[in-house]
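Next up: the structures, one after another.
Each of the next two complexes has chain A plus one other chain: chain B in the first, chain C in the second.
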Partner chain A sequence: MRKISLSNLDKAFALIAENAKLYIPVDGKGGASFKLWQEGVKMSDALNTVRSAKDFFFPQMETLMEFKTEGKNIEIIDNRQEKEDFVVFGVRACDVKSFEILDRVFLSEPVDSYYASRREKGVIVSLACGRPSETCFCKTFGIDAANPAGDITAWKTETDLYLLANTEKGEKLLSAISSITEDCDGKAVEEQKKQISAIMEKLPLSNVTTEKFGAGKTKEYFDSPAWDELSSHCLGCGTCTFVCPTCQCYDIKDFKTNEGVQRFRCWDSCMYSDFTLMAHGNSRASQKERFRQRFMHKLVYYPDNNDGMFSCVGCGRCLTKCPISMNIVKVMKTLGGKEND
Partner chain B sequence: MQKITREVLIAKAEELLSNGTVSKVLGLKKGEFSYDQTPAVFTDIESMKKDFVFDDFSGANFSKYLIKETKKGEGKTLVFLKPCDTYSFNQLLTEHRFDREKVYVVGIACDGMVDIKKIKNAFGDGIVSVDATTDTLKVETLYDGVKEIAKAEVLAERCRNCKSKKHVAYDELIGEDGEVISSNRFDQVDELEKMTADERFAFWQNELSRCIRCNACRDVCPACTCEKCVFDNPNSGVQNKAAANSFEEQMFHIIRAFHVAGRCTDCGECSRVCPQQIPLHLLNRKFIKDINGFYGDYQAGEEVGNRAPLVNYTKEDLEPSEAVNKGDK
Partner chain C sequence: MINETLIPKLGVITEIRQDTPDIKTFRVVSPEGKKLFEHRPGQCAMLSIPGIGEAMFSITSSPTNTEYMEFSIKKCGCVTTWLHAAEPGQNVTVRGPYGNPFPVDDVFAGKDLLFVAGGVGLAPLRSVINYCRHYRDRYGKIDIVYGSRSKDDLLDYQEIINEWATDSGVNVHLTIDREQEGWDGHVGFVPNYVKELGFDTNKIAVLCGPPIMIKFTLEGLRSLGFEKTQVYTTLELRMKCGVGKCGRCNVGSKYVCKDGPVFRFDELDELPNEY
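Let's turn to the complex of A and B:
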């Protein structure tokens, strides 16, 4: 394990930024967001960013290719720009876990090469959560806020930042800043881990369990009468899906110009009335069906297809941002019954 | 002013449910924390006593829900409306969006609602509970024990600039009605007007660049009640789920502001629900201020059936050229 004094953090950032684009969470209007580090940019103390870190690998909008037409010829242009390495610093345990969930979708055959190349070029430095929020429930999904995954795991104390490499990429990055870090024992980190674990037990949502959910539960919940009330006041907006680190649905569209066609993809939301719209109309005609889709996907369908893994990481963003404060915790408690109360 | 409490409202609901005036109650259900209340329909008093909640976090505007609620079943829906909600209520009636006969409105006085975001700005994440029974809020935090903060400091932005304590629609009132009050709600618009065009453009670009196109502002807006929004309609040619560039977001919000101009009551729901805290209400207020300046003071929703200046014609109306010049000032 290596450590660096917080007063030297900017030097470390500068060293990293020599070889790669470095993104860190930065405070701004509306909350924290990942921004490109430059001299003078200060790291946010916020627990989490408003938007999740999935944006780095699965951006809200990206051009896939362009078509240029000349007479009867069509030229296909691959205008991908992801050639540079980049480092994302300060990703929380929940968001790091979300990459694993997205990987299973985008990296299984047929591999999504856009996503894959970003995953290859990206280095993740995670950061343990010193002060989890009342809306956090990552423990429900087996995530340890005190010991996040990632290429490097970092722990921040009052005075120092402790760093431990977990992968080759991580080792490489740590060696790039070895001149300003020093070897250390893990005492302070162990102490912090204990503190965080104690807080996690105390959190108001610490008793939410996944016991009642998972693969094979479609029949049990699909026709539950509870969906009516749960979804009755859903506005049908896309807030929950767009702040969610694991929502992965997208749409592909063509933007036509006089010179040709720009084919882009963008996030889509199962909450929208035109989601998966087909020639015959929308297969989910009511908001109840759309609402049910989102939560069944997280709690049943995804586990069905992914060895029981859930596609929620308990980051709590939807709890904070939903305009009507309806969310996955309320769904789990209502459907799951007493055990979840 | 009578303090409106959960108990007062439950007693009123019990009276109206048991004497058959209403068959259901549209209200808020308590959540996991002190502040995360969800709209719900109650059909019996027992479920209300169990789950119904009303306190300083009960800021949601219920008027728009009446469109859907009044189409369900027989009987009247009881709804408790704050003064600002009643303007949206009237505006929706003006636009024939629901049947007035199917609603029973109890007007409730309001001394402003608090914004959990402001409490979190003051004390950080980890808010275990908030006791908002007096003008000094007691906030229990995970990390710093119990903290106190004056309600005035964490009032929702729209309540800070409350325009009216008067109910413009109700079947009965709990307590006495208030008055239309003078507010400073156009101060920020004045500031924007004083900017140069470039500064103003930069201001909005900075704000709107955070938009994630979740449509929450539109979906919560009582003035946005089209059966099918043009932005959701693949045949419209402008439907788009993401912006191709940052200017497109501005188009979305500006078009929306134009569409609700003259109908927006300035209820502030758009800014309340924005996950990116974009001050969308300022766009609407600019339109309201301009309409007031061009055609004389006009408050959408003040009376049912009012013809809004933008859909009315009088010989005294401004010529477009005059409007342009006035707008410049």
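Let's turn to the complex of A and C:
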């Protein structure tokens, strides 16, 4: 394990930024967000960013290819490019886990080359959560806020930043800043881990369990009468899907430019009424059905297809952002029954 | 750069056949005049005109056709209307093949087969039917029940009359919804016709067509004694990616683009009723 004094952190950032684009969480008007590091940019102390870190690998909008058309002719232009090296610093445990969930979608055959090329170039430095909040329930999904994954795991104390490489990519990055870091024992880190675990135990959502959910539960929950009540106020605004680190639905659209046609992909939401609209009808005609889809996907369908892994990391974003205060915890408590309360 | 399924291949429309008032069949090859890619019966492909859009269609030609692919396309929206106005020589983009095919080489092998189609639902079945006709000795008796609104709405009519109906061991049963001048064949809806024909149950049945036709035909077959494990169909949901990633076409845990579009009715029973 290495450590660096917080007073030297800017130097470390500068060293990293020499070879790669470096993004760190920065405070802003609406909360924290990942920004490109430059001289003078200070790291946020906020627990997490408003938007998740999925943008780095699955951006809200990206061009897939271009076309030129003339008369009856079409030219297909594959303008995919090698991505640049980049480092994302300060990703929380829940969001790091979300990459694993997205990987299972985008890196399964046929591999999504756009996502894969960013995954290949990106280095993740995670940051343990010193002060988890009342909307956090990562523990429900087996995630340890005190010991996040990633290429490097970092722990921040009052005075120092402790760094531990978990992968080859992480080793490489650590060696790039070795001149300003020093070897250390992990005592301070062990201390912090204990503190974090103690906080986690006391969080209001610490008793939410996944026990009642997972693979093979479609029949049990699909026709539950609870969906009517749960979805009755949902506005179908899609906010929960956009802030969610594990939501991955997308649309593909064409855009005519002066030079030709750009085919781009953008985030879409299963909460939208036109998501499944077809000429002969809509397979999810009401908001109840769309609402049910989102939560059944996270709690049952995704586990069905992914060895029981859930498609929620308990980041709590949907808890804080839904305009009608509906969220996955309420769904789990209502469907799962009393034991889940 | 690794291969990317979302980036299509270039195709050229070499022939357009007006099949019915609202369905045209398009023959597509590569710019070099070759078949674009291999497929299995029942698989689909994404066709697109850049700037207009992309849409999924069954590959209606048989895999045994080594020269080209065909798509029978019903005019109903942006891409399809645009294609209906196109002329031979028009470029299109094509990607695929997508989805699971019919189990023609194992489950279907050695069995009597019953194909039931309504309207444009013949498009996916034509590929299977012609595959089975090509390897005629691998299959038993073949019955084809096909119906449309009117005689003019019957897809692939010439091929059905001149080729399918003249094959030995292939029985074609055509029907149209209402009486029409110049039609001396059967009149009536497909599900009723299937019941009237009263097939023995020692066979595999495949149904393709509008949801209402599928529903009543299945009921009819059940009353004749067919088990759900003997009956196949295809599902059609809104699609974008074709590879189980855009999250659009799932029914429960199954993605129609990747795990379908071919399903057996007992498999559908395991899924929520959301299609």
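The rule we apply is simple: the second predicted complex is superposed on the first by the 330 of 341 C-alpha atoms of A that agree within 3 Å, B and C clash if a C-alpha of one lies under 4 Å from a C-alpha of the other, contacts with A are read in each partner's own complex, and residues count from 1 in each chain.
Simple rule for what comes next: contacts are C-beta pairs under 8 Å (C-beta built on N, C-alpha and C of every residue); 3 or more make two chains touch, one makes a residue touch a chain.
Remember, predicted model here, so these are calculated numbers, not experimental data.
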Clash or fit, chain B versus chain C on superposed chain A: fit
Touched partner set for A:Glu229, first chain B, second chain C, both or neither: first
After the two structures are overlaid on chain A, angle v-u-w for chain B, chain A, chain C in degrees (C-alpha centres, nearest 10): 90
Chain B versus chain C as contact partner of A:Val50, first or second or both or neither: first
Touched partner set for A:Val243, first chain B, second chain C, both or neither: first
Which of chain B and chain C A:Pro204 touches, first, second, both or neither: first
Touching partner for A:Leu277 - first (chain B), second (chain C), both, neither: both
Contacts of A:Glu134 with chain B and chain C, given as first, second, both or neither: first
Which of chain B and chain C A:Ser286 touches, first, second, both or neither: neither
First, second, both or neither for A:Phe67, with chain B first and chain C second: second
Partner chain in contact with A:Phe106 - chain B first, chain C second, else both or neither: second
After superposition on chain A, the shortest CA separation from chain B to chain C (Å): 9
Residues of chain A at both interfaces, chain B in one complex, chain C in the other: 251, 268, 277
Interfacial residue positions of chain A with respect to chain C in the complex: 64-65, 67, 69, 72-74, 76, 78, 80, 105-106, 108, 110-114, 116-117, 218, 222-223, 248-252, 254, 256, 260-261, 263, 265, 268, 270, 275-280, 283-284, 289, 293, 296-297, 300-301, 304-305
Residues of chain A touching chain B in the complex: 29-31, 33, 46-47, 50-51, 60-61, 131-135, 199, 202-205, 229, 232-233, 235-239, 241-243, 251, 253, 255, 262, 264, 266-269, 272-274, 277, 319, 321, 323-327, 329-330
Chain A contact footprint on chain C (complex, rising order): 1-10, 49-54, 76-77, 86-87, 89-93, 210-211, 236-238, 240-241, 243-253, 271-272, 274-275
Complex contact set, residues of chain B against chain A: 31-33, 35-41, 60, 65, 124-128, 142-143, 206-207, 210, 212-216, 218-220, 228, 232-234, 239, 241-244, 272-273, 275-278
